[in-house]
Every structure is written in C-alpha cells, then in structure tokens.
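One structure is given below, encoded as structure tokens.
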Amino acid sequence: MNLSVNVQEDSNVKVLEVSGEIDAYTAPELKETLMPLMRESGNEIEVDLENVQYMDSTGLGVFVSALKASKESGSHYTLKNVQDRVFRIFEITGLSEIIEIKAAIRGGNE
Amino acid sequence: MEETIRKNTVKYQKLLQKYIETQDEKSLYDLELISKAFIKKNILPEELINLHIQAMERIYPQLLEEYKLSMEFLLEATVFYGLALQEVDYLRQEKDVLTSEISVAANMQKTLLGTQRPEVSGLDIGAISVPAHQMNGDYHHFTKGSNGTIGIAIADVVGKGIPAALCMSMIKYAMDSYPEATMSPNKVLENLNRVVERNIDPSMFITMCYAHYLPAESKLRLSSAGHEPGYIFRAETEEFEEVRAKGIVLGVMPDATYREYELAIQKDDLIIFLTDGVSECRDGDRFIETEELLEVIRKYIDLPAQELVENVYQYFEKLQDFQLRDDFTLIVLRKEV
Amino acid sequence: MEETIRKNTVKYQKLLQKYIETQDEKSLYDLELISKAFIKKNILPEELINLHIQAMERIYPQLLEEYKLSMEFLLEATVFYGLALQEVDYLRQEKDVLTSEISVAANMQKTLLGTQRPEVSGLDIGAISVPAHQMNGDYHHFTKGSNGTIGIAIADVVGKGIPAALCMSMIKYAMDSYPEATMSPNKVLENLNRVVERNIDPSMFITMCYAHYLPAESKLRLSSAGHEPGYIFRAETEEFEEVRAKGIVLGVMPDATYREYELAIQKDDLIIFLTDGVSECRDGDRFIETEELLEVIRKYIDLPAQELVENVYQYFEKLQDFQLRDDFTLIVLRKEV
Amino acid sequence: MNPRSCVNIHKEWDIVGARQLGREMAKEIGFGTVDQARIATAVSELARNIYLYAKNGQVCFEYIYTNSQKGILMTAVDTGPGIKDISRVMQDGYTTSGGLGAGLPGVKRLMDEFDIESAAGEGTKIKAIKWIR
Amino acid sequence: MNPRSCVNIHKEWDIVGARQLGREMAKEIGFGTVDQARIATAVSELARNIYLYAKNGQVCFEYIYTNSQKGILMTAVDTGPGIKDISRVMQDGYTTSGGLGAGLPGVKRLMDEFDIESAAGEGTKIKAIKWIR
C-alpha cells in the first residue's frame, strides 16, 4: 500500500494532504515531509487525514515526534478529517488529549 | 567445477541426442535433475550454453557455421545472467549472518523476558506472546506479592522488530527495580513513564496496562498508559464488558499521571488483556471488528485459560495466512472460585 | 515484460543477423546493453532462449528440425536458472528490511548510550567508541557527582553485534538506578553483577571496569570485573604503568565481591581505559603486542585527549584495512594541574 | 464438459508421467514453449514432493475458463504426513532443494495462482493455476 | 618480449574497441569461448566506468606468464575524480549498474585476480588478471 503526501500552501497555513495507509513502511515518507516543517519556526500546519483509513503506532510515532519538535520550534499543527478507525487509536493512546484534532470538521466522529 | 562439467557433458550430449530423436519427457526430466545439479555447483548459464554448443558439435559435426555463430551470440547474452546469479549466493550469505545474529538475540530476549504464570489456587491464568518477526516488541509479566496480590503487566512498543525489542528491555529492567506488589498500578506507570521519557527516541512510545488482582477481595485494580482496552467476560450475563482506562502513552509527557480503576470480579468471570496485534488482525485487506474477536474468544471460552489463548492465536494465525503483521500478546485470567 | 520482449525481439534479431554476417564486436556490445536491460526487467533466461529461437526461425525459416529441438531442450535446461535468479530480488528485499531495522536500532542505541564527557577544569578527557558492526557491544559512561567525583564506566559484553548490544542496555538501565557518585566502585560492580547474573544468558558475561577520579585528592579508585587492564602514563618517567585489578567477570558468580584499588595521580599523568577491541587489534593474521599499542599512544601523547584517542583509532582502523573485528573503545584522562 | 485427468504418484517414474500429461494438456490449450516448460517444472516439483515425502498421491489437471481467460489448473493431493509449519515452507530461501529457488515457493513463481491446505497427519492439497497470456 | 597494447577511452565507441582488443588477445593466447566472453564483459565494465565517471583514461592488455600458468593482465587507468570509499564500491549489491551483480564486484568475479588503487581527486588504477584454465 502506498502513501502520498501533498503539501498545499493555503494563506499562511500549510496543508498536508495524506492518503493511503500509514504504517512502518510508509511512515518515513510522512516523517520526511512533516518534520522539516515542524522544525522551522512559526509554521501553522494542518494535516488532512481524510484519505487515511489505517494508521498504526509507527504513524502515531511520527505525530509524537512532531509534537516534541513543535515545542522547540514554536510551530503548530492540527489534524483534520480524522476517520473513525484512526481516531480510535488517538483516543486510546491518550494522544487526542495533547494533539489538536479539529473536532468541527472531523469526518464522521461527531 | 571443471570436473562436473566434463562428467556432465557426456550425459548432457546423450540426453540431447535422445531428445532430438524421440522427444520423450523422460529426457527432459533427467535434464531437470542435471540442471539442478549445475546450479548447485555454481555452473553459470554461459557455461551451460557452451556445454550445449559442444554437445551439438559432436552430434552434428557438419553443423552450419551460422548455427555456431548464433550460439556464440547467445552465450554472450547470458554472461550478465551469470553475474546476477552469483549475487544470489552473496546475498544469501549476508542474510544468513544477520538472521543468525538476530536469532541469538531473540533467544536472549526470550530468556530475559521469560515470565512464569503464577500458580494461584482458584485463578486460572493463560498467556501467549508471539513476535511478528524474530524479536518481540510486546512485553508481559506476572508477579506474585507476598500478600497474594497478582501483578500483571502488558506493554507494546511502537513498531516491531529489533528496535522495539531493544526498547522493550527498558521496561523489563526498570520494572525489576520496583517493589511492584506494594506499589499501586498508577505509581508503577508514573515511575516507568519517567524512565521511558528520559531514554526513548522522540518518535517512539510505549503503551502499557498494569493491573493488580487481589484474590482475597476479588478486585482488579488497573491503570493504563494508552494501551488497547481489555475486556471482562461476565459469567452471569455471558457478555463482554470493555475495560477502557484513560491515560497517555509512556514516553511522551515527562510528568504524566495515571488514574487507578477498580473492578469487582465474580466467580467464573474472565479478565482479558491484549495488545493491538490481537485486536487489529487482518483478514486480507479487511480489519477484524471487535465483535469478531470477542466471538472467537467466546468460541473457546470453556477451555482452560492456556488452551483458550492458544486456540485464539491459532485461529488468527490461520486467518492471516500464517503471517503475523504485529506482535501478538493475549492474557486471560479466570476466577474459578 | 511482454512489451519489452516484443520490442527487443526485433532488435535482438537484427543484431544476431548482423553478428552472424560480420562477427563484429559492436553487435556484441549492443547485445550486452540489451541483456542488461532484460535482467533489469526480470526477463528470465528461458525467455531469452525463446527469443533467440524466434529470431533464428525468422532469419532462417528453413532451419533444421534438429536445431529447433536442440533449442527447446536448452530452454528447458534454463528454467531452474530463472527460478534461482528470481531469488535475488527476494533476498535483496529481505536483507534491506533487516539492515534498515538494525540501523534504526543502532541509532536508538546511540541516543540511549550517549554520554557527555564532563567538563572539569584541570582534567582533559577524551573518549571514542566505535562498533565493529552497526550496534555496539561496548559501553562507556561518565558521571560527575555533586562532590566533584568523576565516575568512569567501561564495559564489554562477550561477542558483538545485536545480542551484545541488547545485553549492553542492561548495564545502562541498571547503572541509571544507582547513586553512582556516592557508591564505592566495588559496590557498583557487586550490584551490577547481581543484576547481570540474574538476567544474562548462561553463555554470556560482561567485563567491566568502574573508576572514581577524585580531583581534590588526585586519586583514582577503581575496581575491575575481569576487564582489560588500563594504563597510566607517568609524566615524570615517561613510562606506562599497567593498572591490573583483580576481579571476576560480571554474570558468572551470583555473590562475587570486588576489591577496590587506589592510585595516586600526578600532574600531566594520563589515565587510559580500553576494551579488548583496542588491545587485540590485528595486522593481517598477527595480533599487535601491548608495546605496539603503547607506542602508538605515545606517538600522539602530546595532543589534546580527544584528538589523541581519535588518532589512535584512525591508526588501527587503517592497520586493519578499515574492517574492525571487534568494538573499539578508548578513554583517556589527563590531569592537567 | 471439462474432463479431468490424473496421474497417481507412487514411484519416481510417475513424475515423468505427470510432467508429460501436464505438458500435453498445456500445449493442447495453447500455451507457448516457455510456459509449457514452466508448467512441466512445476509439475515436477509437486510430484516429487509427493514421491519423496508422502509416498502416495495424485496430480490432476483440468482446463479452466473465465469470461476473459483460459488456463490450466493442477491439483496435487496426498495423504502423507502433512506440513506442520506452512509459513516456513512457503518462505523463499527455505526449500527442500537447498536454495535453488525451487520447492513450493518455486511452484508459486512458475504458476499464476497458488493455494495450499495442509494438516499435520492428514496430508496436503495444493492447487495451482496458470493462465494463457 | 611482452608487448602491451592499449586503447584510449574518450567516447562510447572506444568501449567497443577495448572489448575487441581484449577479446582478440584472449583468443590469441588460447582462452575458450566462455572466458573470451567474460573477459570482454569485464573490459566493458572497466571501460564504461572510465567513459562515464572519469571521461578520460586507458585500458591496456598484456600477457603474463608464471612457471605454471599463462594469462592476460588488463590495466584500467584514469585521472578522474577517484573513489572515496573503496570498501563501499567493492561491496556486492552496491553497484552503479543498479544491482545486476555487475560493476566492480562483477569485474572481480569475472576475472581471477583483482586489485584497485584510488585516491580522491587523483584517479583510479585497476588491475585484473585472468589465467587460462
């Protein structure tokens, strides 16, 4: 299964459109795109997970290291359109408490 | 090699001649056996072509010059095939070195993480933990305190394989230094979280559930660090009850605190702990649903605890075509009295 | 693949025809390029033979039946070559998975075992630790106590690679839980020995030297668990003094005790700790002698400590043809005042 | 109608018989020379497995048709000891033939579709399909 | 006397020239068809390396004799950028030709003896010998 990551620049907000499955094999791809943006200071990033039906803990790991990097750089990211199965693992792991997931446009969870 | 070629040249020539005359399948079968022997002895494709040329020259001494030239051309075309083949040997060796190193490490890990199911009268315990690769990134451990308290630990490191296994040993050594039986589950996790947070790679974390079963009081106390929910099968209603405990994974927040949950356990109730290697099994491209997992457990629910977990494992192993995608750990405890 | 074959059939036929007519090297060079492209596109040897047969049938439509049969026979002989070749891809993938897993683990290990050389005025510290494979089975660590005491740990697990590295992390986590600076070196080893003995595979053990340097008193206190002897270079005499301390390796005797040794250090003296990867370097089949090692150290003795250890490492790396046979760890401390 | 032809495997010679039947049927339905050779090789591997490990069994061939394709289906059945660890024998590199890329993974490569069922003590059933290209 | 013949490598066509010279000399001294093909392939690899990475260089051939053997020695010299990490390029699997088993490890396999000297910025010198079997 392949993963594709597209970066859209949308008035000061960078939107990462991710589609595919995020697992041990594809997570590095997401990491390579997301981490440099997180290490730059002052970025506002939205990660759109509408087309991600599956993510494993390696994928969560990427968002955890992004969170740690953001504390140093002052950049900030939010997740949107998180699908049920993926949202479940954010919830179980307690990461939904410390990672901002845009509830209003979160697909199908409300 | 020269020797093999010489011995086989005659044989090849005879077979070839026989085949040209009769086109029988037997010669082709014998040829298969020769060609296998050639490969085993590292006779490369270009040498095979050459052997063919020589056989033909002997069988048909007046063979057209054009034929000979065409065969030389073919021989030339196979030199790179020979080179590519030789890489197989090299790669196999390299892979064997790595695999055997990993298997030594995997054995060490087994010794290291080995845990005995405690013998407790009135409590039937079953546990299985199978790594997807050679090394296990799941952890489970039982302890039995002098006051009779049973400690149950189950954890899963992000990812699997060697990196996860290396990380896993951190939990083991840190746990070793705690007076587990007298420390409340949430304190165990809070202490572990500090160790993990200090030592772990920023992209990694560990999910863990730690529980105390108190036989005297028939109570289960547990705390969870973002771990997959467990279940209790209630004998009275024959229903599964999800045990969801809140708490963030280990290694992300330096000063995380955990809540302790307490549950009453009745006679014949079954306490179930698992890692996501169990709950996220796949059947082809389809993920199994929770109901499906629970149905499978229900199917074997009357078996002794250890047989139960082994049967569930075998069921999912087969469903996944004998290829685990993640480490698989399943623990059950049945209160018998 | 079908497409590639079709496109190349014509090209192959033309080259073949040209070669049969002129026997020029140019056609063979072009053929080489085609055959490389074939392999890249996974065209197997039996398909190459088939392509050759088809080309010949077009060039010589009246070709003898015997010729055709002989080529079918040859084709049959190459099927197993094709199968063997297909394993290259598989093996390369497998090897890549393992290698990348190991490299992730090696990075984790680096983070985990990372130690800072303490900044102490009047003390110049240099340290280098290079694994023979990707993962390190040597360990070294510095601490600085609130009373100014510098703790120096150096250890070597039996063997190298992943198993040794896994074992190594045990030392790291166990050490983490000790109040090192206030515990005497022999007690540190005695405690570690109990942990190691309980957890290690019966076939393994660890050698270790633990030392305290007390700047105020200019004293070195150390204990050794069967570790390679260290040296003190005495500035006054310009001679090396071996620091041999008795003690059994970790992991063999559950209740081993260790002796503490004390040495006085003078201004400009150099304290040297190492693992056997340094002292047992090889030059071809010959092991280097201790004198040789000390001569190399002497050669760089006037350099700052970190440059000293790096130069010694580079010297032996080159001597061994850039292929370390064992993990290499070298630590030096120079009392500057 | 779709006739099914079988060869019983008891002795080494039967391997040749199975190859021959498989090749003839493959030729008949229109497979080219290369695929005929591959099918014969796959038959060899399956029949030899029966001969060596199960002693007794059968290899059968039949034509199969879908809307868009036609091909040959071979079925190898034995009542031998069965395979305890299927994932292991299906692993590349693990072959009874000492790493020639053959064995069951080889059969899987030579054919287009492959399916195996086995139970320890009850025998093994392997189905493999090759489609005409 | 042992004459030494060389081909300068500047353009792709020179690779063909080098192959031809190598093959003729190999044939002359008595190498069989298979070894001629292997020698020509080794020449190709060395000459192509020069053509692709060093732009300018030379491939030379000479006969060599010992008490018991005779053979051909080829020397490829260039003044190109040199090779920084020899142990890496000599690793199997690491090839500029994308894992065909070729590249310098391929040359080493095709020939009987192989020696390489290189310094970054100063160029590369490769010697390879094949003995008549």
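First chain written, first letter: the chains are A, B, C, D and E, and each begins at residue 1.
Following the convention adopted for this analysis, a residue touches a chain if its C-beta (ideal position, glycine included) is under 8 Å from a C-beta of that chain, and two chains touch if they have at least 3 such contacts.
Here is each chain with its UniProt name: A = Anti-sigma factor antagonist; B, C = Phosphoserine phosphatase RsbU; D, E = Serine/threonine-protein kinase RsbT.
Nothing here was measured: the structure is a model prediction, and the numbers come from that model.
Colleague: Please find the path from chain C to chain D through touching chains that uses the fewest steps, and give that number.
Modeller: 1
Colleague: Could you run down the chains that neighbour chain B and chain D together?
Modeller: Both-contact set = C.
Colleague: Please flag the chain sitting at the greatest distance from chain B, going by CA centroids.
Modeller: It is E.
Colleague: Quick one: which chain's Cα centre is the longest way from chain A's?
Modeller: Using the mean of the C-alpha atoms as each chain's centre, the farthest one from chain A is E.
Colleague: Can you work out the whole-Å distance between the CA centroids of chain C and chain E?
Modeller: 31
Colleague: State, to the nearest whole Å, the distance from the C-alpha centre of chain B to the C-alpha centre of chain E.
Modeller: Here chain B and chain E have centroids separated by 46 Å.
Colleague: Mind checking the centre-to-centre distance between chain A and chain D? Centres are C-alpha means, answer in whole Å.
Modeller: Distance between chain centres, rounded to whole Å: 48 Å.
Colleague: Going by the contact rule already set, what residues in chain C reach two or more other chains?
Modeller: As it turns out, chain C has residues touching two or more other chains at 28, 32, 36, 39, 76, 79-80, 84-85, 87-88, 91-92, 94-95.
Colleague: Touching at least two other chains at once: which residues of chain D meet that condition?
Modeller: Expected reply: 40-41, 93, 99-102.
Colleague: Any two chains that touch count here, so list every such pair.
Modeller: Final set of chain pairs in contact is A-B, B-C, B-D, B-E, C-D, C-E.
Colleague: In their shared complex, at which residues does chain E touch chain B?
Modeller: Going by the criterion above, the answer is residues 32-34, 37-38, 40-41, 92-93, 99-102, 106, 109-110, 133.
Colleague: Which bits of chain E are touching chain C when the two form their complex?
Modeller: Interface residues on chain E, with respect to chain C: 15-17, 19-20, 23, 40-41, 44, 87, 93, 97-102.
Colleague: Quick check on the complex: what are the chain B residues that touch chain E?
Modeller: Contact set of chain B toward chain E: 2, 46-47, 50, 53, 72, 75-76, 79-80, 83-87, 90-91, 94.
Colleague: Spell out the residues on chain B that touch chain C in their complex, using ranges where they run on.
Modeller: 15-16, 19-20, 23, 27-28, 31-32, 34-36, 39, 45, 48-49, 52, 56, 60, 66-67, 69-70, 73-74, 76-81, 84-85, 87-88, 91-92, 94-95, 98-99, 101-102, 104-105, 107-109, 111-112, 161-163, 165-167, 169-170, 173-174, 176-177, 195, 199, 201, 204
Colleague: Which positions of chain B touch chain A when the two form their complex?
Modeller: By the definition above, chain B touches chain A via 156, 158-160, 202-205, 207, 225-229, 244, 246-249, 252-253, 276, 280, 287, 326.
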